[in-house]
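In what comes next, chain A is part of two complexes: it sits with chain B in the first one and with chain C in the second one.
Up next, the complex of A and B:
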């Protein structure tokens, strides 16, 4: 016990990190991307809040999900948004998705020896109009993928996605192949099922679910408007369209 | 003010040669094997599921020495009676010991009672056998599946699992254990549904196991699946990823 005396050796410690739980997930389609996260924020066995968003709109066609240490996550999103604003002022256009991905890598690696304790998943529409997902580790190593889960329930959700999105361990019917991209309605069902499953078995997941959907300009939103609790958050006409779907998850 | 700087820590050692008295003074405390690493020493996973008038139990076939794969035909599921199957994921040496212990105890039960043991009774036998070793446990988390004879003579699906000291978990849907347990929970929670017939149950448990162990470095290397119905037991050996 540190008591300020010089009689015996003393040790003091400060841990600058904590794990705030929660899970995020993103799936890319042919002409859309779905980025989702639960809204519970916890520390140990305590729930700090039932609504702390982890998924953020960056541009008209880019969404960033952050999971891990919430304070680092919020600060990181703030700094990414700031860099994107500077880019807009310099170039009079939004930064393309693959450039945002590279920017995030450099910003994370800049903190190589005192990292943001955050797992990032970036989703949106690429310049060629295809849906894209980029996933990062805390020091900036990244990869473009079709789907990725991260956070507290990654180990529960990722193998389920391997099976349902990549059709791993499944054989296509004779003379047929597995689709490389699923329709939006199937993807949304898989996302919602993933989170209800994770909520059932993981104490750090639950309360609420926030799903961002980005659909390529000129492509049909595939019946999205008729879905319950959907809100369009597109800011300008003649751009890619963005929607938010909010659902309740179990609170126990 | 005097206070102990270091608390003595309870640790279980993997090998007698790692006894503190035999360790060099400089051996770093933190790299000694601990509780959790014993459960992950050989790797392996088991899952059991309930269906409509049927049950299934499945396991991987890997035996490892930490990250090194040793065998791809190490079976972890054993028949206890014609309608009870027991899965034993955990420390491989204890798999062998417990398999023989339960064979002995089930035989003794059969002789004394002059009838076959029922799954529910067997689950309590497993529980009490493990609790006998409460303070020096076998490093096994058993999973069992069986068909229980009801009062009207029909057979009712029964699954159960325990922790390594015998705390029973009698679930209505599915039970999992082993190094891929969190992955098994995630996939099973997504794929399982009530009242699956034998063939659908086989597909569900196989997909759950295969996709879970593919994300676990300590499990995999093939799998075997048992489906128990009222008139037959189907055993299938599955090919899986071998990496």
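Up next, the complex of A and C:
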């Protein structure tokens, strides 16, 4: 105590966690999934770097986005990738998406009493060829959803997605119903708008946007042709196709 | 934790066995080595202030001053008071500390935070470099490997709640590629064209980013040196726990070079005119 009094015992605790800001988002379509995240890493009011990826390719059809405490996030992704490599060596194939989801649950819950302070969103293509998004809490609760936002601007983005993807509070035109799945071009517009808006209103979001698009094998990536800066990262000809889109976000 | 239930409190139920006829085993000694908890680094003692580093055209450059001092927020505990009675309070205690350290042939690290932890890290790295050398397989560690290694060490120590209390910059140049990265006591890592630790993150980074970001390939060695010199001067003016004596490390194709101590010339004549600094007129 600065006044030198020892009337009360003092406790100082090392805090092993911090929050590194940023936001991630994933939306599933009928035959594709879009997984995106901004690239800013911050601590407090300081921007540490303008480019630190939060979205990682796991297999030819699975992408993982991590958000929260960056050191935990990087370590977690490293360990998931290692487990997937071991699986590939044991079974001579990539682990299916729903199995990766269950793996991530057990890996997170294994750390129940010293958790990875990380919110995970897993996106990709299921074995039946449908787009899928799995979202997790830090200790492993998970569910499959059509869309999910997590991180600093979750509270800004998720209500927007509820409205635009789930059509919450919208009435369909007379005699019509809301579509169950949106086309890729619509989803990309929603993702990009989500991030530009979050950048405007949240100080921890910005700098760069990285969008992964996974498209089911044999289906056309219609809707990508109008987007600039698309890079195809598919490794083999007979698999689902994967694309990365890199865009700038405001840096202030 | 004492695992012997008979040591937890009243060992018997008097209503059930009022005269203690039921035999109770010999109680084991109750010495618990962990009763007061394991004592770990709770705060840094002798600290170094900011480290600055930038990438430039031919490699990277890093600067750190030569001061080791108690941190400004060092709280006084009983044992510290005994210590400080004998030595220091907020004294500029060690004015010849080198905070830049060469690792292998293409890497430099610079540390702020606890200097004894930094020295432990230096020994750790020197050992790894020697181990790699003795393999004699023609491979050695570059900056990316050193950064990865340090991030693992720092993250595993934070996971044991026994952190090494430092922020470390790793810079280097290898196979025609620049590298500049950061690691701290939480295991947080990142790379950027310009990085600063401590007060430098608030004071020097705005200056460095406006000069470096997007212009790394145009920045000459002289530009880089002048830029860091200017930032060290600004830091000396504003950071109370800094020194006007610093060193610069350069890593480029010709290898690692850590400079002799450079002295900053400062002018304080402006202070005369500021109320609160010089002689008061009213």
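Note that in this section the second predicted complex is superposed on the first by the 239 of 252 C-alpha atoms of A that agree within 3 Å, B and C clash if a C-alpha of one lies under 4 Å from a C-alpha of the other, contacts with A are read in each partner's own complex, and residues count from 1 in each chain.
Simple rule for what comes next: a contact is a pair of C-beta atoms (placed from the backbone, for glycine too) under 8 Å apart; a residue touches a chain by one contact, two chains touch by 3 or more.
Just so we're clear, the structure is a prediction, and the values are computed from it rather than from any experiment.
Peer 1: Let me test your reading of the model: by the given contact rule, A:218 touches which partner, first (chain B), second (chain C), both or neither?
Peer 2: Touch status of A:218: no partner.
Peer 1: Does chain B (first) or chain C (second) touch A:183, or do both, or does neither?
Peer 2: It touches nothing on chain B or chain C.
Peer 1: With the two complexes superposed on chain A, say which partner A:114 touches: chain B (first), chain C (second), both, or neither.
Peer 2: A:114 sits against chain C, while chain B stays out of touch.
Peer 1: Given the touch rule stated above, what does A:50 touch, chain B (first), chain C (second), both, or neither?
Peer 2: second
Peer 1: Please indicate which partner A:71 is in contact with in the superposed arrangement: first for chain B, second for chain C, both, or neither.
Peer 2: After superposing on A, A:71 lies in contact with chain C but is clear of chain B.
Peer 1: Once the shared chain is lined up, is A:41 touching chain B (first), chain C (second), both, or neither of them?
Peer 2: Touch partner of A:41: chain C, not chain B.
Peer 1: Pick out the shared contact residues on chain A: the ones touching chain B in one complex and chain C in the other.
Peer 2: Common interface on chain A, chain B vs chain C: 1.
Peer 1: Would you mind writing out the residues of chain C in touch with chain A in their complex?
Peer 2: For chain C paired with chain A, touching residues are 40-43, 75-78, 81, 151, 155, 158-159, 161, 163, 182, 186-192, 195, 201-202, 205, 213.
Peer 1: Which residues, counting only chain A, touch chain B once they are in their complex?
Peer 2: 1, 3, 9, 153, 155-160, 162-164, 168-170, 193-194, 197-198, 200-201
Peer 1: Under the stated contact criterion, what part of chain B meets chain A in this complex?
Peer 2: Listed in rising order, the residues are 1, 3, 5, 182-183, 185-187, 189-191, 207, 210-212, 214-215, 240.
Peer 1: Mind listing the chain A positions that touch chain C in their complex?
Peer 2: 1-2, 4, 6, 10, 12, 14, 16-18, 20, 41, 43, 46, 48-52, 69-71, 74-75, 114
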